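For reference, the structures are reproduced in the following blocks.
Paired with chain B in one complex and with chain C in the other, chain A is shared by the two complexes that follow.
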Partner chain A sequence: MKVWFALAKGVVLESLRRKDLWVVAILGFLMMISAGALGFFGFEGLQAFAKDLAATVLGLFSTVIAVITTARLMPDEIKNRTLYPLLARPIRRLDLLIGKLLGAIFVTWMSFLLLCIATGLALLVFRVQFEPIMAQYVLCKLLGLAVLCSLTFALSTIMTQAAAATVSFIFAFGSSMITRALVMAHESNPRGAGYGFKVLNGVLPQFGLFDLGGRAANMNWGPVPIWVIGSLFAYAIVYSSAMLFISWMKFNRQAI
Partner chain B sequence: MNSVLSLSAVLAGIAVAGIAVQRIKPEIEPPVGVAGVEAHETNGAVSLIGQFRTTVSGSLWVRSDLYLHNGVQMRPLTEQELKSNVKGVHSADGLDGEMHGGEGRMVTVVPSRDRDFRGIFGDIDRATSSYKDMSNHEHNPPKAALPLFRLMTMFDPNFIQGWTVAATLLSWEKNRQAYELAVQHLKNGISENPKSVLIRNEIAFTYARSLGDLKTAKNYFEQARALLNSGEAMNDDEREGGLLTYRWLYWINRDLGLSAKQKTLISEGLSHYKDDPVLLHAQEAMNIVPTRRG
Partner chain C sequence: MQTVDLAVQYRQKNGDKTMAVSGLSLSVAPGEVVGFLGPNGAGKSSTIKCLMGFVEPHAGSASIFGLKAGSISAKRRVGYLPEVALYYPFLTPYETLDLYGKVQGLSGKSLRTEIDNLLEIVGLGAAKKKQNRTLSKGMLQRVGIAQSLLGSPELLMLDEVTSGLDPVGRKELRQLLKERQKAGCTLFFSSHELAEVEMLCDRILLIHKGKLVEERDLGSLKEELRKFSLEFVGHTSMVGLTSELEDFGGNRIRANFTTKALLLEAVDRAKTGGAKIVDIVSEEGSLEDYFIDKIQEAA
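This part shows the complex of A and B:
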């Protein structure tokens, strides 16, 4: 456990050294400026639009940060030959993977929370009031980002950095669309390929389930039941563990 | 020195090519926008600013529907679903008919439990997304979406639906003040779109149906008719809107007792819309001998 957090700390420090978080801060600043500009025009009654826009922008930026941060971790370690001194220490390969993945998740979470603060300030311009569903939105988004990091991490051990990032983006932005397509196809023809659809849907990462943006942006949606948050937490653990297992299977056999 | 000369030559070449390419602009820009793409490509403007503002207005248009449904995403039934007798949902206040051209043709994007094969994933999806049973659903007060329409027409004043649907929302309270507000809004739309048949029709509908002023309604329909006969290039939506212009002018002239005018209108209308059953029926009822034109 100690090793994992030491490795994760290294990833966070490396990210700070590379000034990744500065990019996040600049994005946040731009968001506040944009909100200020909209507020300048005095658009009364646009609170729902502002919240919707905020949820969309947060989802977009945090996804980009999660994928870019995670996809380069292992390929960079191998390319820069910094992996060898690490493996020369009494660290198992699995520990290395867990530590790196935890580091990527922490960096993504920090970035997301920074963006949340900037967005929160921007929403104040529109006099948007805090609602409990917003806290649930942040919590579920953090879980979803962890799943996205683990998927990208697994892909980065199998393919090149660029390919891993591309495939991750496709899943991150397209999995909900694929799920909707499956549902529509099943509705049009309920008898056809029912079991195949279930398996395909089960294998696909369900990023859309972690996005409470629709509820948070619109009026009078109550908080999500606790069993749903529990289920999402369990799903995030299971899916991330499966991705970690795939990474370990590949990395463990890799001659370095 | 050589490299400076080469760079200058390249820059000069780019400049010449840039100026020359402007000559093909009329060839690649259609004189009339394509209906349906209009929300995104108004005026066929290829400038960055133009694309930005029309994309924003198109996006706001989609959002306005979402806000009226309080975030519940709806989609039209596919042709295959219609063939399979999949039932759509109805709205209790008829607003879906106004916005989507028909009731009972929409379903929720997130399916109800009986339509969903996903088991627990479906249950979680319904719990985390803004989903609710939309059978006989009501809408958020339409006026709540007005700021979005204000933004839409501010970003893209040529987005005709931004003007006409906003007028429907403005007149939702169904009193004289609301109707006059809607007419004023539409008049602003005409000042931005002086060649729009659809906006003139909308003003005329409000006068005829809501304010009971047939003479003013007739004036606006006549303006629309003049535009249709002016030979101005217009998109499919505007041209199809002209059909209602002729039908309504026929009915208004009938109610005002101007039968001679009716005959001219029917013949003229059929010259534009030769298969329209309403105009054909009117032609038959008035014993008009069809001419070669209609």
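This part shows the complex of A and C:
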């Protein structure tokens, strides 16, 4: 555990020094200014619109930060040869992978929470009332981002940094569309090849499940049941572990 | 540390296989200082990577302190300096060592004290709070040396140890490594710098195209390479002592010998024969020439 957190701390420190979070802070500031301007010109009664917009912006920026931060971790370690002194220590390669992934998740979560704070302040301008569903939205988004980080991390161990980032973006932004297409393909041919679409749908990450943005934006929706959150939590753990396993399978025997 | 019939093979992107090391058997005893030499692409780094467990051997075996090379128990006792590493550009030398120390299982005040000491020893005390990306190549090499010394390893495996260091840095490094050796540390390092090797090593291993071509005790090799010559005026027979005679005219002759004993015998003969001795020279042979010859022979 100590090893994991030492490695994760290194990733977080590097990200802070790289000023990755500055980008987040600037985006957050711009969001507050924009919201302030809208509020000044009297867009009252647009709470639902403001919440929907905020959820979209949060989803977009946090996804970009998660993918960019995670996709470069292992390729940079190999390119800069910083991997050698690490693996020369008495640790398993799995420890290295866990520590690095944890670091990426922490950085992503920090960025997302910073954006949430900025967005929350911006929403205050529209006199938006905070509801429990918003907290659930944040919690589910954090879980979804962890899944996204683990997917990107696994991809970055088997393909180039750019390819891993591209594929991750496709899955992150096209998840709902891909799922819909696969479900339709399965329904049109429930047996034989159609069954393959169902299996594929089960294997691909379901990022849409973690997005409660639309629900949180709607004024009439209450919080989701706890069992749903619990199931999402379990899904995130299982999926992230599977991605970590794939990374380990590739990296464990890899000559470096 | 030992390798037996070690073979390391890499698969290239086009699917071809390259044998970097083949049939390499070597051993290093505790407390020894061994230089691992060879031209570029000879297989030095591949061998070291195999010993560190970064690469699985294609055939043969490698062990450190009787433990499987690359195993966690073996790595606990080894300090490693990679050939070229940039280290984390946005961390400081202190943070870099802190990270490596914690990954090694060190912690608390003892780790902080050790980091401070090591940074002072390698001359980075004043730069410990500067980010690595602002450091020169030589200073980064010092960071690398410091991290390899964390936890006082029993074996130091250093790949191109003097890379990037200026003459002052090299001298300090020599001093540091000698101190570690006195403390009982085994040193195994690869280098292109024959002068460094000459000043530090007990033994040298020469590798070419993945195969060991020479293994010598450095003391006896230097003795073997030493050249002796006697310059005299007069007629004195050197029969049985040397056939390497240079005639400068006017009875002035220079005779070259392979050992000190032969030189002394020649001096006796010259005196007995009434020759006038002009000069007696004892000079170090060129290690560089020797290695070039050996590599050419192996090629």
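We take it that the second predicted complex is superposed on the first by the 244 of 256 C-alpha atoms of A that agree within 3 Å, B and C clash if a C-alpha of one lies under 4 Å from a C-alpha of the other, contacts with A are read in each partner's own complex, and residues count from 1 in each chain.
Operating definition for what follows: a contact is a pair of C-beta atoms (placed from the backbone, for glycine too) under 8 Å apart; a residue touches a chain by one contact, two chains touch by 3 or more.
What you see is a predicted model; the values in this text were computed from it and never measured.
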If chain A is used to align the two complexes, do chain B and chain C fit next to each other or clash?
-> fit
Is A:Arg215 touching the first partner chain B, the second partner chain C, both, or neither of them?
-> first
Go through the superposed model and pick first if A:Val138 touches only chain B, second if only chain C, both, or neither.
-> neither
Could you tell me if A:Phe49 is touching chain B, chain C, both of them or neither one (first, second, both, neither)?
-> first
Rounded in steps of 10, the angle in degrees at the Cα centre of chain A between chain B and chain C is 140
Touching A:Ile158, do we find chain B (first), chain C (second), both, or neither?
-> neither
Chain C versus chain B, contacts on chain A by residue | B
State whether A:Met110 touches chain B only (first), chain C only (second), both chains, or neither.
-> neither
Can A:Val12 be said to touch chain B (first), chain C (second), both, or neither?
-> neither
Is A:Val23 touching the first partner chain B, the second partner chain C, both, or neither of them?
-> neither
Can you give the closest approach of chain B to chain C, taken over C-alpha atoms and in whole Å, for the superposition?
-> 34
Parts of chain B lying in touch with chain A, wherever the complex brings them together | 60, 63, 66-67, 70-71, 73, 78, 80-81, 84, 86, 109, 111, 115-121, 124-125, 127-130, 140, 144, 146-148, 150-151
What does chain A use to touch chain C in their complex?
-> 2-3, 6-7, 9-10, 13-14, 17-18, 80-82, 84-92, 253, 255-256
Of all residues in chain C, which touch chain A in the complex?
-> 10, 49, 52-56, 72-73, 75-76, 78-91, 95, 99-100, 102-105, 107, 131, 144, 147-148
Touch list for chain A against partner chain B, complex | 43-46, 48-49, 52, 140, 179-180, 182-184, 186-190, 194, 197-198, 201-202, 206, 208-212, 214-215, 217-221, 224-225, 228, 231-232
